[in-house]
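Read through the structures below before going on.
In the two assemblies presented below, chain A is common to both, partnered first by chain B and then by chain C.
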Partner chain A sequence: MSSWEDDDSAAAAAAAAAASTDVELLKRAWRNEKASPEILRFDSPLVSRVREQIQLLEETLDDFGESGVDDLVVSLYQMDLDRTLFLLRSYLRLRLQKIEKYMMHISKSEDLLSRLSQQEQRFAKSCTEMMEKHLEQSVLSKLPYGYDSVTRQSLSSTEDDMVPEPQLDTFVFCKTKSDVGAFQLDDIGEEVVDLVADDLYVLRYKSIKGLVESGQIDLI
Partner chain B sequence: MAGQSDPHLSIFSPSEVEFVAEDEIVEIVPNIRMEALNMICGDFGPFFPQIASKVPLWLAVALKKRGKCTIRTPDWMTVDRLTQVLDAERESPKEFQPLPFHYIEISKLLFDHARDDISDAYLVRSLIEDIRDVRFHKVETGLETISGRTHAVKCM
Partner chain C sequence: MYGRRASQLLKEVDSCEAGQLVPFNSDVFDQVIRECNEHNTQFQSLIRKMVEQNLDIETTRNDDHYGAAVHHLSLLRNKRCLMAYMYKTEISQYNRAEVIQSFRWKIGPVLPHEIQEKLHFSEKEYFKNHSAAIKSYMSEMDIDLTVDMVPPKDPYIQVRVLEDIGEVSLGEHSISLTKNSLHFLRRTDTEQFISQGLMEEFLE
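What follows is the complex of A and B.
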């Protein structure tokens, strides 16, 4: 009985995966990335799949140019290519902006670092080094002892209070993809909301973070 | 759209919202023959004259601009349907009526590029604007209820 159910759910999952194209998935990733205050996990397989498709289409377009296919058809494919390119570029650029903004915060935590792609990790690292060097040379070296740390205001600070961090308790607009059921929004369980499929909500990002990561909810 | 410290990172610009809306599917009636298009965003066609076909809005607009098709007005964009929606929106201050998520952008694109395919275009446009005003007002009053203690607001 249980194996039959497993088959059923596996088939449903496969159908759902087939129903959404890679572009659709990338668009979702782009939207979530745009709306979430912190950096999300980088989906390397997805991005490389989209890159492959872009390359394939570019080659096809070159062939079209030589074999004299109808201009209209060529221009339509070109539009499709441009749209996909735009989406990919916008997604990557958005992530770089976020990394630049929170580089010190990201560099501190292994969990956050692991969300970046290898190139992004390199970028974050060299960016942080340059920033530290710059601050050191231009300002910090001229300040008295005790006030010369990049990350802390003074020696008396008990934590890193000069590192910009994303505001995780900001409100976000989101849309549920499936019924989540009663969902607890705070630690003590006072606020419970019933998340129904395809509904819009305004919620604190912190409370639905897990749902965004597991893909049960989309930010908009 | 989230309220963050850096608006440039988080807010979808009108052109980005339009970009997303351009992927909505509409029905066109082509007047040319064309092979199927196997695109990155999906497979469409083949197209035959006078036979309706479903394509994303951007593709429909591209064909329309070249005079290769007419775009069928979506079911919800008729005077009858929109009048019903507007009345219902006005009657129930707490609820929203079902409309496509990007109804504003879709209708704008259709008005800009396929005005001649829409019957009673003038009326449809003013109905959509009225619906938009009523809805925005509802959203604003909804958001006013957010306070420090609020954890969730349901929008629809």
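What follows is the complex of A and C.
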């Protein structure tokens, strides 16, 4: 039996799905991905739903071609299809480029890896291997013993100090979807903002990360 | 001065326009590698000297200790610069690997001769492997990500053919794309030709 909370969130998700189309949802995921410094969770069900719709639209267009529907109508459908396709491609591309940028950082964190789709995980893995091989043969193999690690500066480093990471404390523009209320921006509670529905803010990404993940706030 | 050559490499990358690539500077690169090994030799000999004098390397703070520290830190500095030149992003805003990755999206799987010349052999190999990884991702997902690089405005565009392409079949029609001819085509059909530099969008 599911708990009340599950019911609540399921109801909320159903309401959100009813309120906006999948393409709208994809647009939001795309916008968030574009503005966020780190990689966000991949929404597999959403992407497969959008792909189904794209296929349907393509079939409809083919039917139109055969039955001789007005060209204007056809080109409107075509435009809609083109836009959706662009959104999907751009979204996937954006994620690959982010993976390229932070591949080593992502590969060594289970949490980050779990945000990727299976195909993206494979991509990240092979990218990291290739990059390591490339750095190995161009630079590291020529350096003296003790200084030849990809992730550490030298043997005396106690942690990985040469892995580029995204800057999570960068500022982002964001828009609240609903009233969040008094929200604490730092750990000690000195900075508190009242987040009102449909308002614009410029905040540190790190402090609103949780709200982005739970979908209470959109990055723009 | 220690570390100056290495910073020269980074200045070269940084002074370059975004998205462009300077030829791989193997002269300076090799000099920095030599410098690194020289630092290591000096470092080792200073440490050996201290061991021979029966000093505790962990706690002794004499001239030799600071000499060794300077060599160690200079080596680290050089290493960081070399890595930043090739890949790491924390020091330099642009780095070679990122530019090379972006070529796959902007130009395609085959690089023109002018760019090939600028690459280190390992970079060429990396580009090839990286392209293959993108290709296998696209075939797993069954989607071509190399088209649709800019948001579509109109499903059709007017293009001018820059090089003789010959007979091409697009959908149900087959058309002959001769140099300097103008065509009104579906945008998705033209993208691959545009990215290869065989066509350009014709704007009146």
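Keep this in mind: the second predicted complex is superposed on the first by the 204 of 220 C-alpha atoms of A that agree within 3 Å, B and C clash if a C-alpha of one lies under 4 Å from a C-alpha of the other, contacts with A are read in each partner's own complex, and residues count from 1 in each chain.
Keep in mind that, in the parts below, contacts are C-beta pairs under 8 Å (C-beta built on N, C-alpha and C of every residue); 3 or more make two chains touch, one makes a residue touch a chain.
Computed from a prediction, not measured in an experiment: that's the story for all the values here.
**Student:** Both complexes share chain A, so when I overlay them there, do chain B and chain C fit or clash?
**Tutor:** Because the two structures are overlaid on the shared chain, the partners are seen to fit without clashing.
**Student:** With both complexes overlaid on chain A, does A:F171 touch chain B (first), chain C (second), both or neither?
**Tutor:** In the superposed model, A:F171 contacts chain B only, not chain C.
**Student:** Which angle, as a multiple of 10 degrees, do chain B and chain C span at the CA centre of chain A?
**Tutor:** 100
**Student:** With both structures superposed, pick whichever of chain B and chain C touches the larger number of chain A residues.
**Tutor:** For chain A, the partner with the higher number of touched residues is B.
**Student:** Of the two partner chains, chain B (first) and chain C (second), which one does A:L96 touch, if any: first, second, both, or neither?
**Tutor:** second
**Student:** Tell me which partner A:V202 touches in the superposition: chain B (first), chain C (second), both or neither.
**Tutor:** After superposing on A, A:V202 lies in contact with chain B but is clear of chain C.
**Student:** Check the residue A:S75 against both partner chains and state whether it touches chain B (first), chain C (second), both, or neither.
**Tutor:** In the superposition, A:S75 touches chain B and chain C alike.
**Student:** Is A:V193 touching anything from chain B or chain C once the two structures are fitted on A? First, second, both or neither.
**Tutor:** A:V193 sits against chain B, while chain C stays out of touch.
**Student:** So in the superposed three-chain picture, is A:M131 touching just chain B, just chain C, both, or none of them (first/second/both/neither)?
**Tutor:** second
**Student:** Just checking: does A:Q53 make contact with chain B only, chain C only, both, or neither of them? Give me first, second, both or neither.
**Tutor:** Touch status of A:Q53: first partner only.
**Student:** Quick one: is A:L143 in contact with chain B, with chain C, with both, or with neither? Answer first, second, both or neither.
**Tutor:** Once the two structures are laid over each other on A, A:L143 reaches chain C alone.
**Student:** So, A:F86: does it touch chain B (first), chain C (second), both, or neither?
**Tutor:** In the superposed model, A:F86 contacts both chain B and chain C.
**Student:** Between chain B and chain C, what is the tightest CA to CA spacing in Å in the combined model?
**Tutor:** Taking the overlay as described at the top, chain B lies 7 Å from chain C at its nearest C-alpha.
**Student:** Taking the contacts chain A makes with chain B in one complex and with chain C in the other, which residues are shared?
**Tutor:** The overlap between the chain B and chain C interfaces on chain A comprises residues 75, 79, 83, 86, 90, 97, 101.
**Student:** Which positions of chain B touch chain A when the two form their complex?
**Tutor:** Of all residues in chain B, those touching chain A are 1-6, 8-10, 12, 16, 19-20, 22-23, 34-35, 37, 39-42, 58-59, 62-63, 66, 68, 143, 146, 151-156.
**Student:** For chain A, which residues count as touching chain C in their complex?
**Tutor:** Residues 75, 78-79, 82-83, 85-86, 88-90, 92-93, 96-97, 100-101, 119-120, 122-123, 126-127, 130-131, 133-135, 137-139, 142-144, 147, 153-154, 156, 162, 164 of chain A touch chain C in their complex.
**Student:** Help me check something: in the complex, which residues belonging to chain A touch chain B?
**Tutor:** So the residues of chain A touching chain B come out as 21-24, 27, 31, 34-37, 50, 53-54, 57, 70, 72-73, 75-77, 79-81, 83-84, 86, 90, 94, 97-98, 101, 167, 170-173, 185-186, 191, 193, 199-205, 207, 219-220.
**Student:** Spell out the part of chain C that touches chain A in their complex, as residue ranges.
**Tutor:** Per the stated touch rule, the residues are 33, 36-37, 40, 72, 75-76, 79-80, 82-83, 86-90, 97-98, 101, 105, 120, 122-123, 125-126, 129-130, 133-134, 136-137, 140-141, 143-145, 147-148, 151-152, 154-156, 187-188.
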